[in-house]
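Some structures are shown below for you to check.
You will see two complexes here that share subunit A, one where it goes with subunit B and one where it goes with subunit C.
== the complex of A and B ==
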């Protein structure tokens, strides 16, 4: 019999994990919204950022989060360049399919470079607060999970404010919703889409650093992440950031709760079950809708 | 501006008040056959030029070329006496051209306010912008009434009015209207035509594409029939209306005896 305390603890941990997934999936759904790009290299970039965070903290002894000062602008730049010189050159009619191949290739390149730079050895960050936890209403919550969640929540809130309140956010949404009309009100849609890509990749930088706190990393790990993240954005409705966030919270929580009876490997299947159910029952996703219908 | 666009470019004569001029334009999509095969048109200050022609004739393509959404293969585009061939839409907008697309082009998941304000994306002067908002709210009451509504939730005709409002946020010298009456009820259609007439009085040049060809020609100065990528016939709108052959071919038969 599962105790109420264990259930409660799992619920909290599930929500914390879901929050992190929400950030990791946000970038993925943003790329799709911008130009129907399936970005298979997203998780590889998350992993790259996690490696940089690990490498930074193990060589300097400083907190891995400080590496974000460099990785956020760097990833933004890489995203912009990648859009401008690779993705924007794909033909619109075959964009989705070709982007899968292109970004698959990019993921392999990143994986190769990671192996080259830091070998295939498993790495883990050692933090002063790495094993401590706080008690919350009888549940034991690891500090690292709270830190990752806080980072994710902060980034998602910033993303929301950027999209809703800034002129750049408005022009990005306009570009997503009607590219030609956006051009006709004077928006440089190519540049804005490139910056949108940069923004998506910047979320991968933050997500990677947050993940590095609690994950043991090795170069091929990103293949384990991209599947669940893809499932999340389909369930949430392709292109919808709020949809992805809700789906991530829900699936993350269910996943952790299922670990109690099923163990971690089987619990992971919740993402794929949710994916199949969504495709069968409501292919446009549960919270997004319109974008997927246009697809 | 630049004179490297080739020999076909023929700059407007000094002192003439042509706002928009397309000269011998060839254009098409991708590798498909050309849609426009040597098309020319000019629109003067305070003049309405109405473009009619069958579905697929290339009317929308003409407007896309004029607003820079589609590049010409050859030929040239002139705006306010300056060469604008190959210019980007943003650039043409700053130089006084605004284009309302065929069908629906509101930003569906944004509010009416965000849509209208984005119309003034290139307007830096805040007070001018707010003046302009008052102006479009006066012209299109629905904009004022549904200011905070998500645009995609408005009816088709209401969305169309938001699109006009958005296009009028800059003070354009020339407006391209692609089937503006589509989806409007008779009263709004009349109102829309009235707005177009008012634009003319304000000295704006209008290039109009209309399914409602007879009605549109009645209020236009110049009519231009487009077929097979070329100008089939051009002339004062009243003369086109009076031509029985054109009526049969392009204007949906003769008007009911009146």
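== the complex of A and C ==
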């Protein structure tokens, strides 16, 4: 019989993990909204950022979070360049399928370069607060999980404010909704879309640093992340950021709860089960708008 | 992938060399004869291969060719890029292996039995995956590979997990070089089967409908084509043929490991082969398999099991998608056309070509502002 305390602890841990997943899936949703692109390299970029955080922390001895000062602008720039010079060159009619292969290629290049640079050895950041935990209503919550959840919540809140309150955010949403109309009111849609892509990749930088705190990393790990993340965006409804966030919280919690009876390997299948159920019951996802039905 | 709005290689009648490349030579039997010639040429490889290693490399390349051609039945004809075919390849090989180990039936009957079961299973997966278009299909196909990897690694009691599953050989008396030679011809027979299947589908009304789906799914649907059912049928046939290839591979290689049987990277390499050769050409995937397959063997031989082959595959994939999405056969056809006699003085343009030119102009304008994809938006609202 599972004790109440264990259940409560798992629930908290699940919500914390779900929050992180929400941040990671937000980037994927953003790319899809902007260009109908399934960005398979997203998890590879997350891993790249995690490696940079690990490398920074192990060479300087400082906190891995400080690496974000460099990686966020860098990833923003990479995203802008990727959109401008790679994805925008694809033919619009075959964009979805070709972008999958293109970003798959980029993911392979990143995985290969990570392996060449730092070998296939498993790496882990050692932090002074790495093993400590706080007690909350009888549940033991590791500090690293709280830190990465806080980072995810902060980034999602900033993303929300950028999208809703700034001039750039309004232009980006207009571009996503109707590109031509956005042009007619004087928005430079190419530039805005490129910056939106950069924004998506910047979330990968934050997510990677947050994950590096609690995960053991190795070059082919990104395949284990991209599957759940893609399942989340389909369940939430392609193109819907709130949908992705809700699906992430729900699936993250279910996953951690299932780990009690099933073990961690089988618990991962919850994402794929949810993906198949969604496609059978409600193919457009649970929160998707008009975008999801067609793509 | 080409479609009506491409102008890089406009279809034009008249050049026989081009048609031979497309596998649509003169008359109804031309392409079948072309298949026989190609297979006959490939059959000389065991005589040329100096050592057993070269022979086994030939088997691997043929295996890729069968796999890529089967993939092309779905990916090329309907335009739905599947990155999950390796899952059905792996299921075919594990199904065959388990049948051979646990029952007394003939090894090749086991291959067919496993392939039939996997084909039915693929219909179930396809039913879920094809309910929505494009992006979700790709996502489901990748998910199926990842979930199979997870299941086959964890379910140790049946699959042997990461320790692997040893499949007994169907011809225990043969020495290793003889074993490779026999399987080379078995795979060659399989290639013949897959090429003929592709050609038959390509020329049938079924194939025409699949191509209509590729060009414009909305219009195809409005013409009364049962798109959902036909896509599912194409997916099922493609997966069935893939599973046969997987089963024969299991008998040849004799040792199965989930990491290799459900390797999503190999899935992408198969797509790369088809794309590199040209998804619109009968022999496109075969050409791609020979090029990419030999390159992979070369890398393995010279650089070993490093991460280098990942970088090379990735860069090649990016380059092909960006610069030669129609494949090398399309480039070759273009070259032949340029060298051949020029077109007649009276211009013969089909409606499709005129439309393609208009689209190209529209596309050229849109390249300036890629954020604005008006067509997709318009289709959304329908």
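Here is the rule we use: the second predicted complex is superposed on the first by the 294 of 295 C-alpha atoms of A that agree within 3 Å, B and C clash if a C-alpha of one lies under 4 Å from a C-alpha of the other, contacts with A are read in each partner's own complex, and residues count from 1 in each chain.
Rule of thumb we're sticking to: contacts are C-beta pairs under 8 Å (C-beta built on N, C-alpha and C of every residue); 3 or more make two chains touch, one makes a residue touch a chain.
What you are looking at is a predicted structure, and each value in this text was computed from that prediction instead of being measured.
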Task: Report clash or fit for the pair subunit B and subunit C bound to subunit A in the combined superposed model.
output: clash
Query: Between subunit B (first) and subunit C (second), which, if any, makes contact with A:280: first, second, both or neither?
result: second
Message: Output check: A:108 vs subunit B and subunit C. Expected answer is one of first, second, both, neither. What do you get?
response: second
Task: Would you check which partner chain A:128 touches, where first means subunit B only, second means subunit C only, and both and neither mean what they say?
output: neither
Task: Based on the superposed arrangement, let me know which partner A:61 touches: subunit B (first), subunit C (second), both, or neither?
output: neither
- request: For A:4, select first, second, both or neither according to whether it touches subunit B, subunit C, the two together, or no partner.
  value: neither
- request: Check the contacts made with subunit A and report whether subunit B or subunit C touches more of its residues.
  value: C
Query: Now for A:234: first (subunit B), second (subunit C), both, or neither, which partner does it touch?
result: second
Query: Taking the superposition as given, does A:170 touch the first partner, subunit B, the second, subunit C, both, or neither?
result: first
First, second, both or neither for A:178, with subunit B first and subunit C second: both
- request: Could you point to the stretch of subunit B, among 24-32, 42-50 or 186-194, that collides with subunit C in the superposition?
  value: 24-32
Message: Let me check the overlay on chain A: which residues of subunit A are in contact with subunit B and also with subunit C?
response: 178, 180, 182-183, 290
- prompt: Quick one: in the complex, what on subunit A touches subunit C?
  reply: 32, 34-36, 38, 40, 86-98, 100-102, 104-116, 120, 175, 178-180, 182-183, 189-190, 192-193, 219, 223-224, 226-227, 230-231, 233-234, 238, 265-266, 268-269, 271-272, 275-276, 279-280, 283-284, 290-295
- prompt: Which residues, counting only subunit A, touch subunit B once they are in their complex?
  reply: 167, 170-171, 173-174, 177-178, 180-188, 290
- line: subunit B residues touching subunit A in their complex are 67, 69, 88-90, 93-94, 98-99, 101, 105-110, 114, 117-119, 121-122, 152, 163, 166-167, 170
Task: Flag every residue of subunit C that touches subunit A in the complex, lowest number first.
output: 1, 3, 5-6, 79-81, 83, 127-129, 131-136, 138-140, 142-144, 146-147, 150-151, 153-154, 264-265, 268, 271-272, 275, 306-318, 321-322, 325, 363, 366-377, 379-381
